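One structure is given below, encoded as structure tokens.
Chains here go by letter, A, B, C and D, matching the order in which they are written, and residues are numbered from 1 within each.
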Amino acid sequence: MNESGRVEAFSDGVFAIAITLLILEIKVPEGAGEHLWTALGAQWPSYAAYVVSFLVIGIMWANHHTVFGYVARVDRTLLFLNLLLLLVVAALPWPTALLAEYLREGEASHVAAALYSGFMVAHAFTFGLVWWWLTRTGHLFDARVDVEAARATRGRFALGNLIYPALVGLSFVSAPLTLALHGAMAVYYALNQLPIPTKEGAGEGAGEGGTT
Amino acid sequence: MNESGRVEAFSDGVFAIAITLLILEIKVPEGAGEHLWTALGAQWPSYAAYVVSFLVIGIMWANHHTVFGYVARVDRTLLFLNLLLLLVVAALPWPTALLAEYLREGEASHVAAALYSGFMVAHAFTFGLVWWWLTRTGHLFDARVDVEAARATRGRFALGNLIYPALVGLSFVSAPLTLALHGAMAVYYALNQLPIPTKEGAGEGAGEGGTT
Amino acid sequence: MNESGRVEAFSDGVFAIAITLLILEIKVPEGAGEHLWTALGAQWPSYAAYVVSFLVIGIMWANHHTVFGYVARVDRTLLFLNLLLLLVVAALPWPTALLAEYLREGEASHVAAALYSGFMVAHAFTFGLVWWWLTRTGHLFDARVDVEAARATRGRFALGNLIYPALVGLSFVSAPLTLALHGAMAVYYALNQLPIPTKEGAGEGAGEGGTT
Amino acid sequence: MNESGRVEAFSDGVFAIAITLLILEIKVPEGAGEHLWTALGAQWPSYAAYVVSFLVIGIMWANHHTVFGYVARVDRTLLFLNLLLLLVVAALPWPTALLAEYLREGEASHVAAALYSGFMVAHAFTFGLVWWWLTRTGHLFDARVDVEAARATRGRFALGNLIYPALVGLSFVSAPLTLALHGAMAVYYALNQLPIPTKEGAGEGAGEGGTT
């Protein structure tokens, strides 16, 4: 367990499998006969939940990958915290299917959306734990990382994490709107890279212009 | 996220999982008793859809792999466009199961075949977006690629993409014929490599005679 | 597509996923109440089919891996033949579930066992095609392989393939016996390596004493 | 099959897939309407079983990875014993679903917990076989390993394996308590690394302070 590369490869596998299992929540309508278009149209919450969760897991993977690209050593605590993070990621097909099932069902839609948002809170929390441990220990990072500057980002990490609890609250107003905002945030984070402070220049985006 | 190799490994994982999940759409006939041969024979649309989708995803993987073999750098836009491409690929077990379910059901067979063909259009479109971004930016390619010549291939890419919309139209004539043509196109593309223009010689097939 | 390593990694992924999806064919008995032991015991065909298919796919992977360890170049034909091989491997969870479902059902058990054995014939056939193409072209092998000696093994490959058609025949005598023999053959092949003739000494087992 | 790295990559794939398939045992409550919170709450055994099995498989992976990090050569016997180990790991989603289904059902809960614990015994046994073969042959290890000291650990391995049979016994007292103890042991092993005796210093944890 001494190579961050192997931990990352295992994590990548879990991300890739979880993202691909999402499609299993979309069912084939049975016995629709001549009304197949209608039956397919009625399943729109499944499609919406699939697209949003796909983008969300894709971005989670990208951010996980960016951080681990700067990790040179893995200790048992990091291993365990990463396992907790993966436990949340691998679970995502379930709240996705739940939200798809109940998105149009009044009271239940709020419960499902709150639980879906709660998984995002849990992911942000476990991701924050990984980051907190990396910045606290310092020596697990590779030599490029400016550990002091990285420590200073903890507050910003925590701030970003306030958005997800807010979406838990919004779930009780409108489940479809909550799902749409999760999608919008995924697109936003897709195009705006998580910055890792490096010694050459704090705030430089990880991997910008990097070569293979 | 600065190594094209890691993006490709993640993508390869999604392709490998999606292609292997296809088998889940073929069901075990229940309670067939002495009529098992008959019950198995009646499932031929599932077998046909499995074989065609397997070849289709296999070729999609091969072409994706060929293109990314010439990518040296990955920026956030490419990451996002590739994620959209994977979103379509990972979804393919669903239209496959849908087409298998409705292949013999008159009106519904046309709807299912059109949707199946629509996913191929969507794949060709997202693949075209990836190629457009790579040729537009230029600097993401590695040094072997002749960027000017690569840009000139955009028209050919778009032309090739006209076949899939035509198959959407054909879906309303005959669903089995549409499926058969998707299979034929997969075999054709399997044996005819996507050419990437390189400086040593435009039109040379990617990787011909390459060594490990 | 010019690196045999990437084709092998993709193939390894398909093998690993197919072998792990096998468990989905074993169901949790519902509403068994106090009779759970009995209900679990009644599912023995599922356990037997799981164990045999797991070993079979494991050995298929090992042999595939041994052969590709000597492949330096991949052309489009090899890519396509390998895709056909993977098409059969990825399908194996289905005949496994089918045989488990019908193993004790008289006439239907013979049909299921014959189909299961038929998939082994299909695998041996596609594996034979890959080997035939490798020995026919010759230049796809890496420098260690004695191409002439490898060509001479074709007959032995074909001979080995006679066992599986025989098991198709045996299926109509006894399905459980057929399944047991598939398991026995997997254990036999697990411990007896596929030999690849090399220049240093024809008949030397691939990788014996090899280092990482 | 001559590179321990490839055997490990295949094994890693099986671990990653098995751990991610666990989520499929958690169902979406159907038709819960306004009582969704209640319906979700009633599923707590599924959540508990998911979390415990996720941690258990995660730690199994970490330990497997630690041992194989010291393996330089793979012979056919090791290949086969590793395949048996993977057969048990890949099966774990099934006893997990079984225990979740019957955790609150009196007599049946004891049967399900005993079977779940039995799979842990089986895993410890196959892991012990792999370790026994590695220490018996000796030459499969890489040069860092102190083979004599490694042999001396066999007794400790066997001792550790006594805990799991004890949990089989405890299953007949309380299934939830048994599940909780499996979880506690996973957390314990997560934070306490399996030591591999090396020549530089027996008892040193594998990979402590290692670099990529």
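Following the convention adopted for this analysis, a contact is a pair of C-beta atoms (placed from the backbone, for glycine too) under 8 Å apart; a residue touches a chain by one contact, two chains touch by 3 or more.
Since the structure is predicted, the reported quantities are computational estimates derived from the model, not experimental observations.
Taken together, chain C and chain D share no touching chain.
The copies chain B and chain C differ by a rotation of 90 degrees on their C-alpha atoms, rounded to the nearest 5. Counting the residue numbers used at the interface between chain A and chain D, under half appear in both copies, so the two copies meet with largely different residues. For chain C, the chain whose average C-alpha position is most distant is A. For the pair chain A and chain D, the distance between C-alpha centroids works out to 26 Å.
Centre-to-centre separation between chain B and chain D, using Cα means, comes to 37 Å. Shared interface positions of chain D, i.e. residues touching 2 or more other chains, are given as 9, 13, 17, 21, 24. Within the complex formed with chain D, the residues of chain C that make contact are 9, 12-13, 15-17, 19-24, 26, 28, 30, 32-34, 36-37, 40, 50-51, 54-55, 58, 61-62, 65-66, 69, 187, 190-193, 206-212. Partner chain C is touched in their complex by these residues of chain D: 1-6, 9-10, 13-14, 17-18, 21, 24, 72-77, 79-80, 83, 86-87, 90-91, 93-94, 97-98, 101-102, 105-108, 111-112, 115, 142.
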